[in-house]
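The two complexes that follow have subunit A in common; it is paired with subunit B in the first and with subunit C in the second.
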Partner chain A sequence: MLWEAIGFYSLALFLLFFAFKTITVPNPIHAALYLVLTMIGVAAVFFHLGAEFIAGVQMIVYAGAVMVLFVMVLMLFDLRAEIRSFSRGLFSGALKVMSAAMLAGLALGAANSSVAILEAPAAPLGGGDITRQLGIMLYTKYLYAFEILGILLLVVAVGVVSVSRIKGGTHARH
Partner chain B sequence: MPDIETFMHIGLPHYLFLSAILFSFGMIAVLLRKNVIVMLMGIELMLNAVNLSFIAFSKESGSLNGHIMVFFVMTIAAAEAGVGLALVVSIYKKFHEVNIRFFEHLKG
Partner chain C sequence: MGTDAFEITVNFVKMVLIFLMMVQIVPLLVWVERRGSAYIQNRFGPNRVGPLGLMQLLADAVKFLTKEEFVPGRGYPFIYYAAPVVAMIPATLALNALPLSIPIHVEAFQMMGSSWGPYIFKFQGYDFGIGIVFVLGVSSLAAYALLLAGYGSNNKYSMYGALRASAQTISYELAMGLSIVGVILLFNTFSFSEIITQQAGPLSFGFMGRNVEIGWLPNWGIFYQPLGALILFAALFAEANRLPFDLPEAEGELVAGYHTEYSGFKFNMFFIGEYGHMLVASILMVIFFFGGYTLYPWLTPETVAAWFTGFSPTQASLLTALVLHVVMMTKVVFFLWIFIWVRWTLPRLRYDQLMDLGWRTMLPWALFNTVATAIIVLIARTGGVN
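Entry: the complex of A and B
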């Protein structure tokens, strides 16, 4: 119990620190690297929650593929100096932070009040073969969703290539 | 005043609180930052926070549907990052800038 609490709080502290650094460092490359650390922290929390497969997928897809994509796109640009990385206006900035804090407070209150009405689990998730159960579910009950997801990825792959090859436009500088 | 037992017994509310705070961090990044790529990173952060709450609820309810949902959300998020970065590349080709104050007035 005690060690579980210590593990959770230290993990949460690291996670929130890295997330805070992600949104505050002015250099986008540093933000991307801090976001990698945040993703790895989220994967650790998934592991803590008993979702080993999802934790592995998180590491591979997010911390691996997506963030490498981000860093490579950042390397394409010439971002020597980020002059004004935050939006201007103290009042509107404070308003934005306040709106986000209000949303967080709303979510916290909803979470706090909805926990009491949740029923106790009928059968706790069996440890060890969650990945097997997940695979069986994915290829029986959710087979159509899985196939549609594959089609979506194909469409996105073609769309990305065509979007990044667009030339000209009304605002083009010739 | 919650007693020490509430803090020490890690349950669903703790994970939901962590998820809510991460979500608001992502929202602040989208609202406050001016760099398009950092805004996309904020969107990724928000998606991760939602995934965290899905997994926490899945553990609490003893069902694997949350895991399936997270799997799908991750796939959509990867596709979304790809499309977003392609748009950023095409914007950079036109404006030579990825700061949104230079293309606030997208016309036509």
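Entry: the complex of A and C
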């Protein structure tokens, strides 16, 4: 139990450090790389909680695919112009204040609801069955939300393809 | 980890041994690659240093260790140094999660004045219930080594290599994951050992309420998922950055791609990572589609255990596991040879051909394979009712 606590708190410290660095580092690529480390840390936390499947999916989808794409796109941009446009001005100042408010709200909400987490869950889940239960839940209780999300992603994909065809590129229509 | 000192020690030694196995297979594969390429191209290859040219590897190791270390002046030193280390992590973690033989049962014994209880040691570093998801998740991090190398070197060619690598990895990861979904549906599990256990018997399946059994064929995944096997093998080539998908390091166009600025042992670490990926890829092919450590009519856990009836239970278990490990590694070596064979046979793809193959050919076929497998498995399990 002691070792588990040490593991969890050191993991949490690392996670907080990486997340803090993600938003404070000036270089966008370095920020993205810190975000990768944060994602891997979140996967480790899921693993620690016994949700191995979610941990694996977190690694594949976020740490693997999404962040590779992020880093690659950042490398293709002219970063100096981006940094300049986001470091001064009224609009970005308002954005900063809004983000700070959102972060404070999130922290308050997490602090409020953390008491409930300490209570024992109603029915502890078996180790290997979590994946099966997750699948059953997704396809029965949350089927509607799941399908709506799928359609949303499809719309985004179609939009991206059409925009890239209009603006030119390797597969542009002439 | 384990419950007492002996178990913890053995489990730790096991992980180190598996890591050393990966590192030690690299010089052998380099030798096979050189001699194999020479054989394919009707040359001699390195045959002067030692018997069959094997001492050439030792000379190479000395060369790697004594070369000048070099850091590009305008790069990012931390990222530059981190990249070769990151290159070795995914392959090592993935290899440790793969079962290489059956578990070894150790009976209770006396040692150093105290008794040590019966143990079961798995022939792998660690076993999570969801081995497949873990291996996929870990190997999806492989692109970062290339990205970090390209970014940290601050070199145009390195950067091109890194960008190509990330685009390629994303494109082929989808097809790879989808082709594995067919296997998961077929065997109804995420665990590697269970998949292998299900392939140990004769080819038999239930269809529409009838049981079909073909006694002279093993129950291998390749007979159920030929399309999935083909797509997975091609995608694994792309994931390991091997020809015909070696655009990240295409030496004709990009000097050496992402590792242009690396020399000496740092370069060698990228190499260990690449060959580690080849090893993991070959083991995955063997586990998913070719029966893992079993070879049905002759070498299954039962038949091999029957050879060692005269020994004590611990010895018999150990010997059986070793024989089955050799069976598995023989299959793996065959796939490693295919990797090398393909490299010296096919030319490199052009970039648009690479993207078209990934997104327009392999992804639709992998999707089709997944949907078709799901429907057929549902019909076979429920007999058409429901």
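Note that the second predicted complex is superposed on the first by the 120 of 174 C-alpha atoms of A that agree within 3 Å, B and C clash if a C-alpha of one lies under 4 Å from a C-alpha of the other, contacts with A are read in each partner's own complex, and residues count from 1 in each chain.
What we mean here is this: contacts are C-beta pairs under 8 Å (C-beta built on N, C-alpha and C of every residue); 3 or more make two chains touch, one makes a residue touch a chain.
Since the structure is predicted, the reported quantities are computational estimates derived from the model, not experimental observations.
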Partner chain in contact with A:154 - subunit B first, subunit C second, else both or neither: neither
Touching partner for A:76 - first (subunit B), second (subunit C), both, neither: both
Which partner reaches more residues of subunit A (counting touched residues only), subunit B or subunit C: B
Which superposed partner A:56 touches (first subunit B, second subunit C, both, neither): second
Partner chain(s) touched by A:143 [first = subunit B, second = subunit C, both, neither]: neither
Partner chain in contact with A:13 - subunit B first, subunit C second, else both or neither: neither
Subunit B versus subunit C as contact partner of A:98, first or second or both or neither: neither
Touched partner set for A:65, first subunit B, second subunit C, both or neither: both
On subunit A, positions contacted by subunit B and by subunit C: 53, 57-58, 65, 69, 76, 170
Residues of subunit A that touch subunit B when the two form their complex: 1-2, 4-5, 8, 12, 15-16, 19-20, 22-23, 28, 31-32, 35, 38-39, 42, 45-46, 49-51, 53-54, 57-58, 61-62, 65-66, 69-70, 73-74, 76-77, 79, 82, 84-87, 93, 96-97, 99-101, 103-104, 107-108, 111-112, 115, 118-119, 121-125, 130, 133-134, 137-138, 142, 145, 149, 152-153, 156-157, 159-161, 163-164, 166-167, 169-173
Subunit C residues touching subunit A - in the complex, by the definition given at the top: 79, 128-130, 133-134, 136-138, 140-141, 143-144, 147-148, 151, 159, 162-163, 166-167, 169-170, 173, 177, 190, 352
Residue ranges of subunit B in contact with subunit A within the complex: 7-29, 31-35, 37-38, 40-42, 44-45, 48, 51-52, 55-56, 58-62, 64, 67-68, 70-72, 74-79, 81-83, 85-90, 92-96, 98-99, 101, 103, 106-108
Of subunit A, residues touching subunit C in the complex: 29, 33, 36, 40, 43, 52-53, 55-60, 63-65, 68-69, 71-72, 75-76, 127-128, 131, 170
